[in-house]
Structures are given as C-alpha cells and as structure tokens.
C-alpha cells in the first residue's frame, strides 16, 4: 500500500502545525511515549523532526514531505521542491526576521564595521556566506542558545538572531544594526516524491486543504437581508473580488445576500451596509475557504 | 493624521475587554514589557489604565474614549459622555452590586443604625455622599483592600463592598444590610472628543461593533427545511420579533428557513419545530448580530 | 411545581457531561462551595453523584434521571430504564473496554487458566458472575485503585481493568487475555418517572437535545455555488443519505448548495467538488444537528 | 540472601512515609515507571500498596512488614503483629478520627436514632460490626468517595467519615453525632516473619530508627555556657527527665551545658536561663533522638 | 485571662513574618477560611492587618503589638512605641528605599525641577510633607498601583515608588532622581500596653526570641579539635567578640574548640584555621543565638 | 583591585552549583533581568555561561575559573588546569555516562559493527576522535537535541548520548552497545590565572570550601553519653578513620563522645551503640566537613 512520509516540525512550530492539520481535516495525536504521532489517514505516516534538520531528511528521501522554516532550508542549502509558502495568519503575525544585533553603545553601525569582529549565531553557514558575498571578513562561531547574553556580557562583538518585533532585543539594551533575512514556514517535498504520480496527488490534496484552512483564518461569513430597491447600492459596497451569493426570499421584494470577507474589513463595512439599508446582519466563523 | 486615544481597563476587566474587542474586529495585544498595547488600527492608540482612574483621564482629555465601571465614574464624579452601557452577556452574569455589609450578629439592620459608626470602603466619596444625602452622620475611611476582613476582625462597624452573588459575603459569616448601587461597564468619551466630528464618527463605529458582538453572545443561528404546506405553522412558532429569512429551494414545494434566536430558547423550540414538520434542523454560532 | 431530579456523574465524566449539556442548551455551574450544581432551568434540579453509585439512586427514586457508564449499571444490577446510549464522539474515542489482564510472561492464556487464581478488580459482582456463568472457580477481591500495580507486583494473578487503547497496559509490561465487556455512557431513568407523563416529556426533551449536540460533534456544514449545468454531477458526489439544500441564486443560472456532512469525509470530497465545478466552497461548524 | 519485603502505603501517606524513612537513614526512590521503589539497602525490597489493602498482604505473607492506618487493619480484621504505633509528630497533628456525621438540622442526635436508617461509608465492615454490637439495625452501603456530599444531598441519612479537626465537616453544614474510632499509623508485621530471627532483628532495626527520627521531630538541642557558681540554679530550671550533658571548660570556673528538649518549651525556658546567668545560648536542630 | 493582641502584616511581609515566628518558637497557621490566624500560645491572639494600616490600629489600641514597615508608620504619623528594628537578614537584603523616579529622558534632574509638576505615589502624606518642608510646590496624587506605568505613559511627571535594587525601574526605561527615605520592618507597641506590666513582659519575651532567631540567621556553629601547643595561635585567629567554648578532651593534650560565628566569615577563617593546626573542622546550622 | 572571573554553568547544573556555593559560604543571586549574577564577595565577578562553552572561555582567559562537565572539556579539547573533580554527592548520584545506543533489534552489537554507519550526537569531535583512534570509519553528524528520537525513527544507525541509569533508553526500546566515556563536574582554571599568585590563592580558597561542603553532604554528627567502663567497647565499634572527640563530663565517670560519620552507616551503628551502653544518642546535620 502507498504511504506518504510526512515530517512534523518539533518544538515551537509543533502545536501550530497540529492545529492547522486539524482545521484541514486530519487529526494528529502526539503521545509522550511515542515518537511517531498517530494520524487518522492510512495513507500517511508522521514523524516529528526538529525544524532545523527537516530539509536534510526531505532532501535525502527519508521523508516525502515536511514543514519547516525557509531560514533553515537556506542554512542547510537543501535541494528540495518548495510546494507552498504557508503564512500562518497574514494579519497578526509578522515574519520572523534574522537580524544583526550589537550592544546599544557599540561603535558598530553598518555591516562594514564588522570587519575582523566575532559573531555568534545559530545560523553559521548562512551568516558566513552572507558576509563572504560582501567581502567582509568576520569570525562566525556557533551559539548554543542564550545568544543575546553573549553581547551583553561582551563575549562577542555581535550576534545574528531571530526576532519578530525586536522588543526583547531592545529590552536587553541591545540594538539592531540591520536585517539579514526574512523567513516563513514552507511546505517542502522530496524531488523524486514530487515526480511519483500517487505521491504528487496526495501532496496536492494536503496542500489544497492546508491552504483552505489558512485562508479561512482571517475570513468570516457575512449574511444580511436587503430590499430589492437597495440591492445594487449594497452590492457596490462589497469588495469586487468576492462575488456575493444572492438568493430570492419568500417575500419577493427582498433578497438574502451572503459573502465571505476578510475579518479585518468587517468593522469598516458594517456601518456602511447598515446605512445602505441592509438589515439583520450576522457574522459567523469559517473553518475552510477554498 | 487623526488618532483616537482609547483606554483599556487594567486588571479584572482586562481580558474580557480584549476578548470583546477581538469579537468586534480589533486585535489588541498586551505585552508584559510594554505599557501601550498594540492594536491593529492605525487610527487608534491604546493605553492600559486602572479601572478606578479611567474616568479621570477621559475627563481631562488624556484619553478620548475608555471602558470602566459606572461605580468608579460616580466615585470620581467625572464629567464625561456615557456613550453606551455594555452589559457583558445578559444571561449569565449579574450586575456588580455595591452593598453595605455587617457581621451576621451585628445589631445594625437598616441605614439609620449606622449613625455615628465607622465604615471602611474603596468607594469613599460615593459612600460619604450617599449617607450625607440621607442625613446620617458616619465616619468613612479608605480601605486598602481585604475589606471584608475588617468587619470580621471588628476593626470597623460596616463596609461598603462589591459583590455579584453575595456568596463570599455569606461564607465569611457576614450579612448584607442593603444595596447602595448597581454597576456595569460603560463606554465613556471626553466631552470635546464627542464634539469633534472625526472622533465622533470613530467612536460610533466602535460602539456599533462592540454592541454587535455583545448581542451575538447569547444568540445562535437556526436553519431548517420546511415543506410548503407546513410553512405557516412553523413560522407561527417563531418569536415574533425575529423575522425569519425564507428562501425557495430548488424543489419548489420546500423552503429553507433561517432565524437568529436567543440560545436560551432553542431547547424549547426544537421539539416543537420537529413536531411541526421541520427537517434537517441545524444550529450554528454567531460572532456579531447587528 | 414539577421538578425533574437529574444526576450528574462526579469525577472523570463530570466536565464532559457539563460541556455536553452546554452545547445542548443548559448551563450547569458547579461551585466548590455547593453540592447542588446550578442549572438555568426551573424544571430541573441537579445533584452530583459518583458514576459508580448513580444507578442505585436512579433505581430507588432518589433521582429521576442520570448519566453513567453501562459497566456500573451492570455491576450494581440496577433495574432502570435505559433511555439512550450517549456515545461521546463516534470518531475519535473508542468505547471503554473491561479486559482481563496478566503479566506478559504469565502462563495464563485463556479464561480457563484462571481456575483457582486470585483476581483484583473494582467490578467485583460483575466479575464473579462472569466466571460463575462459565463454571470457572476464581477468588475475586475488591481493588482500591492502582489495580495495574497489583499484577506487576505479583500481589494477584490477574486483574479486570478498564482501558481504551490498551497502551497503558502494554507500557507496564502487561498482557490482555480477553475482553469481558464494552461500556459507554448511558442516560437512565427511574421506572416510575418514565411512566409519569410530565417527567417523560421532560426526559424526551433533554434526550432530543443531548443527541442533537452529540450528532453535531463530528459534523460540519459545507456550502458552495454551482452553475446549473454542473448541478447534477456535483450532487452525484454527495453522500446519498444527506439531501442537500439547493436554492436559486439571483443570477438564474447558478445555485447555492448546502449540506451537512461528516467532518472526516470533507478532505476527500473537497478536491472532487472543486474539479466538478463547485466554487466558493466554505466549511463551518455546527452546534446541533437534529 | 535474606530479604525483608516492605510495603509502603500508596497515596496520602506516601510522601510522609518516604520522608520519615529518609530521616531514619534509608533513601527510597519512587519512579513513575516502576512499581517497586528503589531502596538503598540490599536486605529490603519495597512494594507500593494501597493503605486500605496493606494488612491483607501482610497477613497472607506477600509482605513481611508494612505501614498503614489502624482503621484499615480493623476494617480488614487482619491477624498481624502490631510492632509499633508511629505517631507522626505528637504536637502539631491530631489523630485521625472516624465520626458519625449527619446534616446540621437532622433529628439524629445519638447512635440509637440511626435505627432503620441508611449509612454510607468506606469502612463498611467496621461500621456494620459497630452497630451490630450495640443491637442497632442499620443499612450500611459502600461509598466510592465524596462521602460528605451524600448527606448534604440527602441521598443517605448519615455517613461514617474520617476527619482531623472537623472543620471541613462544619464548613459543609454538617454535624458530628459521635466518634466511632481513633486511628493512627501502625507498623505491622506478618506473624511468621516475626518468628524468623533474621527478619525479627531487621524489623527491630527499622523500628528503632523510625522511632528515633519521629522523636527528633519536636525536639531541639540547646547549648550554653554557665559559670560554676550558677550551675545548680540553671540545672534546677531544666525539665527533670532530660539529664543535661555538663562538660568542663578550659577556664575551670565555667561549664558547657547541653540538653535535648521539646521545641515547644524553649520559648519559656530561654528568658529564665538568661536571667539565671547562662550565656551564649544556642539552639540547633536534631535528626534523630534515641 | 490576659491576652496580647498581635498584628501580623498581610501581603508581602506575611510569609517572612510567619517563618520568623516559627524559628522563634511560635507556630502561626493562616487558613483561607479564617481571618484570625491560629497561634499555639494561649496568651496571644493574632490578626492579619495590611502593613499600610497596622500602625493606626496599634496606636488606637485595637492591637497591642504589630510588625510593619517604618515607611507606613511615618506615612500615618502614628504615635507608637518602637520596640525594636527587625532587619530580616543583614547580609543579603538591602533596605527598601522610596525614590523619586522620572522618565529617562525627562528634563527633571533635581528636587527643585519638580516645581509645579504632578507626582503619583502610594505615600501621599509623606511626599506632600517632604516637598512642603523644602518649599517646593507640587501636586501629589494617590496612585492605585502600577505606578511605574504612569511615568512611562506620561500621565504624570514623576512618581515616588519603593525599590530595593532599582533594577525594575531601569528596565522600564526610568531614572531615579534621588532617594527620599529608607525603610525596614519595626516591632511597634501601643503606649498603654507598654506600661502594663504583664503585657510588657510578654512583649519582651517575644522580642528576645525574635531577635534570637534573626541573629541566628547569618550565624553558624564551628567546631574543631586543636592540639595543646597550638591552642593559643588558633584562638588568636578568632573574632575577639565571640569567646570560644574550649573543653578538655580525653586525650589530655588535645582540646575541643567551639565558636558561634557569622556565616560570612567562615570562608576566610577555615583556610587559616587549617594552616594553624586545627583538625576535624565541622560547621553546623543554628536556630537561635541569644 | 584584584578580581577573579568565575563562570557558573547555565542550565541543568545551574541550581545545583548555586546551592553548592551557598553551602560553601558564597551567596549567588541570579535575576532574570541580568546576565551577571550577584555574588557577595568583592573579589569575584560571576558570569553565566553554557556548560558546553565554559572551557572555551576559561581557556582564552575571558574567565579565570569555571565549573563544567569533563565531557564538554574533552569535546572542546580545551587546554585548561583541572583544579578538582567535584562529585556532587558520592552516594546517590551516579556519574553521567556517554553511551553508544542503537535500536533494540539492531544488528549492531560491538563498535566494529558501526563501520560505514551514521551516528548522531551532541559530542561530534569526541565521537569522531574516538572512532578514528580505533580505525573504524563512521559518519558523525551533529544533533540538535531529541537525539534518542533519531534512532527510534531510524533517521540514523546509532547515537552517542548521555545517561545516568539507562532507564530512559530502555523505556524507548533502545539498547546500549557500550560506554564511551564517564563524566563528572570539574573545576577548571585558566593556565595563566593558575600561575598568578593572588588568583591561585583565591582559587584554592574556593576549592577548599567547595570540597568541605561536598564532603558534608553524606555525613552527619553523632553525639552520645557513655559510662567510663564501657568507653573502650563503644569506641571499638566506631569506624577507625574517624577519631572520636571524647570529653569529660562533670560527673567524672561519664564521657561525652562525638563523631562525624557517613549518614549511610548510622542505621547499622545505632543499634550496636545502644547495646554497648551508649545513652542519649542524637544525630545532627553538618554544613561543612574539612
């Protein structure tokens, strides 16, 4: 029987990934006694893999498909198929940024000032390559975590560290010199698996549903009743990309109008709809939008 | 650029308020390192302010708009515009009540018995005014919290304290003499901000959405299929205030019927609908009802 | 005034039961200070009772209605009306199984090998009767919990214990000899209460709503727009048992199609629907399906 | 090689027992993966057993020695050797008392009032025997825990329940009719093990050290310097049972005086000692007092 | 019977105070159900009182004796007897300091710069008096907590707040302008209670033991064997204030030497003692040093 | 002023190290806001450093002295002075062992079977060198933690992992092939610091006290009174290495006898001492034994 070997990222992405699969239609259960999470689909086997190492195992075929960060794919220099970018919720979360960080009162103000200096980071290969391409000789050493402490304690001159808002960095009395890379989660496949027709179809099913669930995350359903003579002006208010579903009501001079819309636009739209004559406006949540 | 300065109450109301704004369409993020919560609306800036102090800052224009309890607005005697009462969930929670509390075996049984006695409370101005209006001379002292303990320990004769059900009071062997005030959350605006047309419109947008989210809290959507000959008897069962949305089905002798209804009435209605011929009845949740 | 006395099982089933009643339309509040939980229905009074003892109190009329496991009804040999089986979520949870368990390296391989052996269990009466019916003489002693430890420690030869997946049993180096009984939650009524017409109607109302909430648990609503010429092929894809609600759209050559479907089938169906021409497919959650 | 099989009570006594053995000189390690706790003594093997069942396994020789409550030894009617009473800390904790409890407003005021009533308890055999000896016919049923709730909810007329201070009982609006038994922890041995000379000696070693550790619990050492001419008056202050250790100091006219004394008496004694001329008084803790 | 009414400070000092009394010889038990903690001394009754309010109740005789901070005694301007300063551990904890705090980039650099500014603090009376004595007109308002936030948010110009190390202040981007007062815990008595001979003696007993326990906190016992010919050189090393206890050993040419010494000096002393010929040096803890 | 730069290992050893320094006489305080822990000794500055990186910073002189595992010193190949082995508690804890681990059913049974296989480990340099010295070609890759999972999931053939008892390894269905190294905590110094006379003396002071505290860990003081005629037989029972301190009592025919002894031997010794005539035996704890 055909099986697709799927890698789930262990650690910080783990719960979000399992939650996303649940919304997409697959129940994954991780037990503390077992390294292979259960999944309610006989065509898939799951494995928990560190995000840092995922692309290695997808590249060498140990896994057919996996989710991990673009940063670690680049660090590993892995030759894989990027099936899809999965931006977990467009609105609220910002992409992870790898930044060059120094002490607030450091004389370092631009990349060139790093010449001959010592940098500590979890992303050694990427950082070395980044400075080599710019012809800036630096010493890069691997950091075992607690990276920020090293600049504070003046053990190194600078660090390359990941951040979302930069607030932790500032709170420790540090300063961002510049951004080196932005990263987000990607769905990656092994090159041979991608050529196998059964596996390709299975991967595309998973991709369709994952994207449907992600798309629903910032979307809601909006439903309202509109009298016939105001239908055109109400429709004119709606975002042009989303064709509304308009159905006749029993009382012929009224219509029921339903749209799927970004949750973020609702607060602007509702006052306008109300003024244009829509009544009985309700908003409800969506699990998937395809 | 125009900005509305919004005050979020810190402490016991904080999470409920952020949750309510989320349902209304605004994401507020409080971080432990930053006193200014993020909000995903460029026209608003948020500030965390103690509920007790909120009305002061709205009154003097430091804030344009704020949420706080009616009790603290009265205690501060603030001159502000009360834009709306916000009763968080009509069904399950009762209003907060400020009550006069004595020891169970105290000889005090009515307001007049307090003459010449000592009262401890967090609401000093209100309590003084309350007794002065009734010409009952009392000594009122400010309490630093743990107010109930003071009656138990007989440090004072009575306290004025807030409660919902009175159960904590009884559990401590205390007795409620009478109620002095009921309080609920209110949305208040600065008087000048209310006159400014841009701010006024922004406040009204926020109010409309907050109320839409609150109204949805105890409501659900109910949808069912009904054959043509039973449509009138089914409609007769429905609460008269909520006009149902009736739409034609493809098979002409059936209709799809949809209503928004108080969740508390569903358990009575469903058995009746079923007996009257409704089929495929489903219930779903609502985010907003305008 | 008529009152129905309802028993809520204390302990492991307690939260799930309260959650189920909430989805069904009743809010039950358990407070640590009060043995009688509040319920927002004047026709019901609630009492918390241990699942093991529930059927005794329903049998002798102290309670009219109660929820408990089939296993404990059998252990007590109670003469009650089984109103309904309540299988909390068909898909994800398996029924509880009472199994005969020995040490992995025990010589016991079938029921007959237990002859003259000592068995520890919480289900003493049931186990005695089970072996007596098969003419196998055994010594059965009551276990105060931590039953599995007794086989590991060789205090007894075998235990009769409850399990869902058997994984804890295997993890302790134990082996299942055979299954003695399957159990699930049941709604049981007192025989006289069942004959009383007012109580009977109230019990049937509760049963209808509980089952409606349980049925909604693994179901979702699916809605899509379909062009007229593809309507038949799309309908052909749908599970035959669930008649779709098809309504005319404003633009006459399109239909809105809506079905209620098992959540587990959605991931297979959506790719097919999309290929057949359905557009704007959305999925949403349901609270009740009657 | 000789081995003594020791039963450690699982549950509420478990931690206190392991702590007591640690003070006595044995390190017991309970791991969540293993039912047989490790002990750093090759002559002992440990087994975790429920306190309720301990005496059964000591009686039938599965265990040589065990710790459990006197109450459960009586309930099981086990024929074992009671080696020693172990009163964990004489001062602070009171013995556990099994009491007959009714609702505060119940008409039951003495044992005889129970005639024909229903009693729920975990101690079925003991309770049946207790009432039978007094010729009072009662119905006794086994309680699966949450016993106090049953009187509050009026499911039964009375309960027999364990308590230390009675405060939980009063807090629930219940009333103690009378006390049926006092219980404390006992060290019990199997009759044949007690006759075996090697096992007897091992049991007596354990007993000596356990009692030495318990005795040290409320005791402290007190040491001071006293001039020769005040020695007699200082000694006269000391509790007569504890002979002080008096040693000569280098400067011949002073003595060093050291006693072991109940911690509770120190606060009275120190002001008196100081007035009588003792100097450099220090107090230190003790692990064992033999 | 005579009773001394003792006030225990509620809140941040509560646990440390109960711990200190335990070391001193009194067991105080606070239960969540009771505002009067139990104490194992029939001559004392305990009451939990907020540290801020303690001196009021000692001054007016509601309490005979209480522990609280010097800061709150000053704020209240209470006329009480200060029986003793209780510096909980001289070495590790620094005194609490009330400091004037502004935003890091504020133009305020000295007290005079506050002229006409707004200050928020929990210590209103003290602060007003402090500035009045220096003829600097300021507006002082009471703060409900979260005081630091107010400067960050620029709601006020400065705050007067308590700190130990100042690290929280700096972490929030704030700056200390100057220190206004240092505070520590004090044992205070009512003036009349102090004149009553029975109460005076009881207070002095408590004081003696509390100080004995506090003094033991940073002290340890050190014991060693010393040959006769090195006794003088070893004694010469010891701190002159602490006379060592020297006793003859059985083997006449050796002495046993024992001292009580500050724990902080041990690490310097031990290397010297060893070089001077002391052997078998041991260190042990002390509960009380009188 | 002279300063010794001391490295405290961050993470799993952190608390045990701070506890050890406390028993030795130095109070170290780690705050979450500050990377430099406070120490109450003006001659020392502390820095928190990952155990894995400690030896690097000691080697290059950033630190003078540090504590870390022997395993990481070897992995880094650092050229430092090993001042002392610090075996935290000889009795209860076993040394950490780095072992080669495979799946239970793996064909690998000895080192040679690893030829051409892939190994994952945190100790890459050490492992490579270990196999190179034995001429066994293997592929060694760095593991980001969760190392055991990799063998279970068959991502690699073997791992080199640290363990104390091996129980986690067996619980995961893995097997230890052989042990590669044993490790324990070591106190290491920079080579130049060791040559500096001031630093050398400071390091030796720290070492003496750390070892004194460690030695006290499994030791207790035992004190008893013995009549003159039994003194020799009692002394004969005592371990020969520990000379007892015998002092004359005031009553000339009795002696006070005091020894320092391994806690583990007390339980054997006390019954013998008692039989030989010793009375008033007490045991007390020790902080340091030099």
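The letters A, B, C, D, E and F name the chains in turn, as written, and every chain counts its residues from 1.
What we mean here is this: a contact is a pair of C-beta atoms (placed from the backbone, for glycine too) under 8 Å apart; a residue touches a chain by one contact, two chains touch by 3 or more.
Treat the numbers as computed from the prediction; the structure is a model and nothing was measured.
*Asks:* I'd like to know which pair from B-E, A-F or E-F copies the A-C interface, where a copy means over half of the contact pairs are the same by residue number.
*Replies:* E-F
*Asks:* Let me have the rounded angstrom distance from the C-alpha centre of subunit B over to the C-alpha centre of subunit F, please.
*Replies:* Distance between chain centres: 59 Å.
*Asks:* Roughly how far is subunit C from subunit D, centre to centre by C-alpha average, rounded to an integer in Å?
*Replies:* A distance of 44 Å separates the two centres.
*Asks:* Can you give the whole-Å distance between the Cα centres of subunit A and subunit B?
*Replies:* Measuring from centre to centre gives 36 Å for this pair.
*Asks:* How many angstrom lie between the centres of subunit C and subunit F, each centre taken as the mean Cα position?
*Replies:* Taking the average C-alpha coordinate of subunit C and of subunit F, the gap between them is 53 Å.
*Asks:* At least two other chains touched by the same residue of subunit D: list those residues.
*Replies:* Within subunit D, residues 247-248, 284-285 contact more than one other chain.
*Asks:* So that we know how the chains sit together, what is the shape of their touch graph: line, ring, star, complete or other?
*Replies:* other
*Asks:* Between which chains does touch occur?
*Replies:* Those chain pairs satisfying the definition are A-B, A-C, A-F, B-C, B-E, C-D, D-E, D-F, E-F.
*Asks:* Given the complex with subunit B, which residues does subunit E contribute to the contact?
*Replies:* It comes out as residues 10, 35-36, 47-50, 52-53, 57, 62, 144-146, 149, 152-153, 155.
*Asks:* Quick check: in the complex, which residue numbers of subunit E touch subunit F?
*Replies:* 91-92, 167-168, 171, 220, 225, 247-251, 256, 263-264, 266-268, 270-271, 274, 280-285
*Asks:* State the interface residues of subunit D toward subunit F in the complex, per the touch definition above.
*Replies:* Subunit D reaches subunit F through residues 24-27, 31, 33, 40, 204-205, 208-209, 212, 216, 221, 243, 245-248, 255, 260, 284-290.
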